[in-house]
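In structure tokens below, several structures.
Two complexes, one shared chain (subunit A), two partners (subunit B, subunit C).
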Partner chain A sequence: MRALVCVKRVPMTGGRIVLTDDAQAIETRHLGFASSPHEECGVEEAVRLVEAAGGESVVLTLGPAEAVEQLRDAMAIGADRAIHLQAEGEEWDAQATAAAIVDAIRADEAEHGPFDLVLFGNESADAGGYQVGLRVAAALGRPAATGLKAVAVGDGRVRCEQEVPGGRDVYVLPLPAVVTVKEGLNLPRYPSVPGRLRAQRKPVATVTPTRPASRLQKLRLVVPEGQGTEATVLGHGADAAPAVVRVLDELGVL
Partner chain B sequence: MSDFPARARALVIGCGIVGNSLAYHLVEQGWSDVVLVDKGPLPNPGGSTGHASNFIFLVDHSKEMTQLTVESTRQYGELGVLTVCGGIEVARTDERMEELRRRMASAKAWGVEPVSLVTPAEIKELVPYIDESILLGGFHTPGVGVVDSLRAGTIMRERATEAGGLAVFPGTEVRGMDVEAGRVRRVHTSRGTIAADVVVIACGVWSPLLAAMAGAHIPLTPMVHQMIDVGPVPRFAQATSAIEFPIVRDMDVFMYERQDGTSLEIGSYAHRSIVHAPEEIPSIEEAALSPTEFPFTQADFDPQLADALELMPEIVGDESVGVKYAINGLISLTPDGMPILGETPEVQGLWSAAAVWIKEGPAVGKSLAEWMVHGESHIDLHSSDVARFHDHQKTRAHVVARTTEAFPKTYGIIHPAEQWSSDRGIRISPMHARAEALGAVFYEAAGWERPQWYEANAPLVERYGVEAREAEWDARWWSPICSAEHLAMREHAGVFDLSAFCIFDVQGPGALDALQRSVLAQMDVPVGRVVYTPVLGPGGGFKSDLTIMRLGDEEFRIVTGGAHGMADRKLFRDALPADGSATLTDLTTAWTTIGLWGPRARDILASVTGDDVSHEGFPFATCTELEIGSQLVLASRISYVGDLGWELYVPIEQGARLWDVLWEAGTPHGLTACGIGVYGTTGRLEKGYRAYGAELESEYTVVEAGMARPTVKEQSFVGKEAHLRHREEEPAAILCTLTVDDHMSASGVKRYPLGREPITLRDGTPLSDGKGRRSYVTSAGAGPSVGKHLLLAYLPPEHAVEGSTELAVEYMHERFPVTVAVVGSRPLFDPENARIRS
Partner chain C sequence: MALVLVEHEAGVPDDASLQALALARELDPGSVLDALLLGADGAAAADTLGRHGVATAHVAEHEALTGFAPDAWARVLVDLAERSGATVVAAAGSERGNEVMARAAARLDEPLATNVIEASGSGPWTVTRVRWGGSLLEEARLDADRALLTIQPHAVTAVAMGDGAASVAAFTPQLDSGDLVVRASERVGAPTGGVSLADAKVVVSAGRGAGSTEGFAGVEELAALLGGAVGCSRAVTMAGWRPHTDQVGQTGTKIAPDLYIACGISGATQHMAGCKGAKAILAVNSDPEAPILSSADYAVIGDLHEVVPAICAAIREARAS
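Moving on, here comes the complex of A and B:
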């Protein structure tokens, strides 16, 4: 089993999102970075598949020098090695990103043989383009399934469950295949300290792809109205208990 | 909101542990109309209290810190939020073991008990998941505990609110302050404007921004302290309380590990200094976690993981134990590592309660409340006084430089005389080039570069046969040249660069009254007299000691040490009459001071001036103007080293010239340049002269210090009633001079105590006086002319017996026998003061 999982370094937004003065980017001065949540599940899945079947899990990202942190995070929970497509500054749109990833996959496969499964997050947490996985699949001529909440590999095939209103659609794809996954696919593990220490020693191959001229132009970002959270005080002391029970009941957790 | 009051007796800004505690204690001590606001929500408004690790180690080498910590722990216990779990500071190196032995001495000096040194096997018994094979030993404090600081704050707010004295307003942001005639009047908040007699900034890492609103300074900076939380730990799975095992401080790698429920929290001070500016802190809305919990920077922590793994492999090496939570928590750090407390020198009525950690919070609240309500606190807070900073020490650059240097030393082994290496060379005396040419080793005093000794005097060491110190620690930041310079001064004469003095002129028709009210000694003296005087607090303890020259009927010059000079300036400024009939001018940078002392001092001075410098013509404790060549020099015949001589004051730009004139005239008389090692230690201790901050603190009285004069002046002064009372009482302790009888340690190396060590019976039993204070070494140093290592210490009367050999000094966990050489202030060297008065 050879699994490749692609991740993207995105800002961890917890509070109100602030834009840079030119509205071209999110102000990240106070923010940490992580892989998109969907992709964290992708990494966990790739690691589990290789733990179960043997083989190799590889993590890939396209991003700035700092994105190596996300590669180490993935290796800390078990990915074996990393490929860093180092890209500074300018915006890489979905087309350009997919092209660079395809090149990297072809180069890696030429050396190590084909990846049975290439995993993407369904969409990135920041740009939310929903495209890169499918573009890569199309370029490689491999079958793809998107928005998956369950993945099972066996007998040269991957069984995919896609959440749809009212239930799940199940697809079975022959390997090699491309899948895009969603949060809820699994519960990603926390990295252990030995895992962290091992990650520091695992190899990261760095490639500097050339960015093709972008065919998209970003005008500006806009923070949607009404963003933010609202708190309702349900009551004080023991008197609040019935209201709390009502809310829990509505949420279906009781 | 309509219920927001229009005025308050005290407005406390900040609902962290300090603000909550202060508001509570103000109400406890009788104030009402106290208002507490915070921009954040309750109970965790988002400051550093909210992410604190909340553990409390009791022993610090600083008495002030230890007292604050012990009192805080008592309060947490009383509030029911303290879980005592014990704590062990472990050593991986011999240097650290020595440091832990020194810690034993500090514990005994400050009365923290029980404590003990423990073996690796004993550590293993207490902390079964540790790899004791990499340890040499540890320092165990069973009283170490973990507190719930947020809960403590809530209880204190509730108590004060229920008592009717406090109103609390979360979600209330301070937007501006009105200062009129030097006093804070009103504070503008998001809920409206409130007038207040007293405004307290208890805003942690935000405090500098609040102070700036009023034109004041709180020189601290937010700095990152990293911590991670790993779990679930199988061994802790059955934990029934938050902490059941002792907290471990892995001192040599600057980390700590503590159980927190089913997790292990690992904190680090080993990473690079990560400084943030207060204005960079995100708003509550923008912050991903809380404003003071910054995103974790993994790369900074990575190198520490291996250290944690090495110490606790069972937990940290467990593949099933994950890193669940990791933050860069902001903490407040200051240029000298101490809190920032008290009324700001810039704005009356505006107080700082900042740079306070969890372990000090409740005690700081109580102490500040005492200070506000009664004029002073039980715990002497002079090292934390916001008024202590000189102007350059308030700058962002200085704060960043010093905190960046200090952060890696958080768990470091700090020598008591250790010098800063960053941001030096700020204040340069006019004699600096001369000092450099003589190979001066510069120590810093109030930003001044001050010669501690001169390497050019190295040949004197052999000439006077001064012994070197064998132990590296005792010899660090010290030189036998100090003692050699001392002996040269006693034989011939010494010249001293005293530029670090602070000099204030108080002038005007109200000057005499203002000074009379401020100091113990009679100031209505003839013009030309020099008066040495303590300055007392309301309780009759020491606030300062200094000299005042009467230069005219309405003109006085105060000369005080640089280190404490800014606090003194505030003290005298605050005492000026409201009618403007007296003014205070800071002339520190207008005048420089050169000291000239020794048996040949008169010969030297007489050779450069035609004025009368004879004993009769220029008596002791007088001052007058001398013509020295083309310089008019204010000469003051006093001495802090116990020899004949003068302090010579000239305009700062003429200092180098005066030095040259004295140097040339003095050479035939054997004049030697002497450093502060002589002035501040050897000369002083041989004469039993007391120093503020060492012997003289607010918890000791004039009588105990042996400094009571035969009579007390008629005029009223601060602390008079208490002082009169003290004179009627038997002193609970008496300041004595002790000599070390035998320096030989068990390892065959001679050891020399450096100060702050406990004085005990020969069997190690500590001495406590009637007020519960331990006897400890207030100052230590060589007495070259008496051939002994000297210690000053307050002793209970039953032990203050001259010639008594029942006592010992405990140094590095060994006891060295001492003799009580002098009880009281009689000098050991030249007890008749014949030299000074010759």
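Moving on, here comes the complex of A and C:
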């Protein structure tokens, strides 16, 4: 079993988003960073699949030098090695990101053989393009299922469950395949201290691709209106209960 | 010409698709607007679509199009777009809409702007799209031969006008086996009874402030009293106190209740992305500086373990009198 999982470094914005003066990015000076919860579940799933079947799990990111932190996080919970497509400066759009990932997959597969499964998040936390995984699948000519809450591999196939309003739709795909997953797929483990130490010694291959001209070019970011209204304080502690009941009544939910 | 993929249930188009039609029509009011519906029963939508400005409803029928087959849908959409020379191709920013459009964009090797709320121009286009599940907007320039867009649900108003029905053009698409490898083969796990989080009129949630699984007792009681559903923050699901199906937020369930009561939740943007559709928000928090107080309508400052039982008692009292 060879599994590849793609993660993207994003800021953890907390209670309020502040933009840089040029409105091109989020002001991240005081923020921590993470991968999307969807992608963290992807990492956990890849690690579990390889723990069960043997083989190798690889984590890949396209991002700045600091994105090596997200690669180390993934290796701390068990990914075996990492591929870092180092890209400084402007954000890459989904088309360009997918193309660079396809190149990296082809190069890695030429050396180590095919990945049975390539895992993505259903959507990235920041850009929310809903497309990088599907573009990679199309370019590689592999079947893909999206938004999965369950993945089971066996007999050269992957059985996938996708949440839909009336239950779950099942897709059975032949391997090699691409899947995009959602949080809730599993409960990712916390990295242990020895896991973190081991991650420091695991190999990271760095490649520096060139950013093509973007055909979906970000002009500027805007914080939507409607933030920053102060709540009406109904009271403090248990004494506030009668005031809450009056509000429930006014809202017609009592 | 603009072509919109319209999702429908037995010929009744869904609201998000009508909103996509509205945006496509606004983008180029002078041009012809067509719709694509998958499945023979799509023909029943002709009246509604006519009122929403559609000239022709293309209804694709094929024995393989019973279960959802996203590559086949994308193939049909791309073939029709190429045949009709559509310069704008759009769909709802629903799970299916985004999925089919992404597959179509990959086939055409064109950019795709997802979850758009505003668009203008005629190539290049300027679009405003949603990021971070709605916590941030992006203005972008779309340089393409064809504008491929999905439209953020509930961001555009769909207004019916006129009364002519759309004409119906039935066709049988060309599909090969490769288009049908990815196909929903089975539906499992019918929804369990009770009020679902996504549809509940009242949602009562707790976050890290609940302290434990047992700490949800009051919240469960309040939700039951109001006929609502229980929700939680990601801090709670990560701690294993509640299942992920209860999580409200960007990577959880998006809710739009009449009232959202958020107890012991700080109000991180990713949490608020899931409940911004609520008509009113009541926060219960021990910290008067918690960020949630600047998105909530009402607040009670205090320990949720005291406040929530007191609210339950006051509701019972009010109902008894």
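We take it that the second predicted complex is superposed on the first by the 226 of 254 C-alpha atoms of A that agree within 3 Å, B and C clash if a C-alpha of one lies under 4 Å from a C-alpha of the other, contacts with A are read in each partner's own complex, and residues count from 1 in each chain.
The criterion applied here is as follows: contacts are C-beta pairs under 8 Å (C-beta built on N, C-alpha and C of every residue); 3 or more make two chains touch, one makes a residue touch a chain.
What you see is a predicted model, and the numbers here were worked out from it, not measured in a lab.
K.L.:
After superposition on the shared chain, which partner residues are touched by A:168: those of subunit B (first), subunit C (second), both, or neither?
P.N.:
Only subunit C; A:168 stays clear of subunit B.
K.L.:
Of the two partners subunit B and subunit C, which one touches more residues belonging to subunit A?
P.N.:
Answer, by number of touched residues of subunit A: C.
K.L.:
In the superposed arrangement, does A:209 touch subunit B (first), subunit C (second), both or neither?
P.N.:
After superposing on A, A:209 lies clear of both subunit B and subunit C.
K.L.:
Per the contact definition in the header, classify A:16: touching subunit B only (first), subunit C only (second), both, or neither.
P.N.:
Both: A:16 reaches subunit B and subunit C.
K.L.:
Once chain A of both complexes is superposed, is A:64 in touch with subunit B (first), subunit C (second), both, or neither?
P.N.:
A:64 contacts neither subunit B nor subunit C.
K.L.:
Quick check for you: in the superposed arrangement, does A:55 touch first (subunit B), second (subunit C), both or neither?
P.N.:
neither
K.L.:
For A:114, using the defined touch cut-off, is the partner it touches subunit B, subunit C, both, or neither? Pick first, second, both or neither.
P.N.:
A:114: touches no partner chain.
K.L.:
Considering only the touch criterion stated at the top, classify A:184 as touching first (subunit B), second (subunit C), both, or neither.
P.N.:
second
K.L.:
If you stack the two complexes on chain A, which partner ends up touching A:235: first (subunit B), second (subunit C), both, or neither?
P.N.:
second
K.L.:
Using the superposition on chain A as set up above, list the residues of subunit A that contact both subunit B and subunit C.
P.N.:
In subunit A, residues 13-16, 228 are touched by subunit B and also by subunit C.
K.L.:
If we count contacts the way the header does, which residues on subunit A are in touch with subunit B in the complex?
P.N.:
Interface residues on subunit A, with respect to subunit B: 12-16, 18, 29-33, 69, 72-73, 189-197, 200, 228.
K.L.:
Can you list the subunit B residues touching subunit A in their complex?
P.N.:
Where subunit B meets subunit A, its residues are 230, 280, 282-289, 294-296, 298-299, 302, 305-306, 308-309, 316-324.
K.L.:
Considering only the defined contacts, which subunit A positions touch subunit C in the complex?
P.N.:
Within the complex, subunit A contacts subunit C at residues 13-17, 26, 36-38, 93-95, 98, 123, 125-131, 134-135, 137-139, 143-147, 161-162, 164, 166-174, 182-184, 187, 215-224, 226-242, 244-245, 247-249, 251-254.
K.L.:
What part of subunit C is in contact with subunit A in the complex they form?
P.N.:
67-68, 70-71, 95, 98-99, 102-103, 105-107, 109-115, 126, 128, 130-144, 150, 181-191, 201-202, 226, 228, 234, 237-238, 240, 243-245, 247, 250-252, 258-259, 266-270, 276, 279-283, 288, 290-303, 306-307, 309-311, 313-315, 318-319
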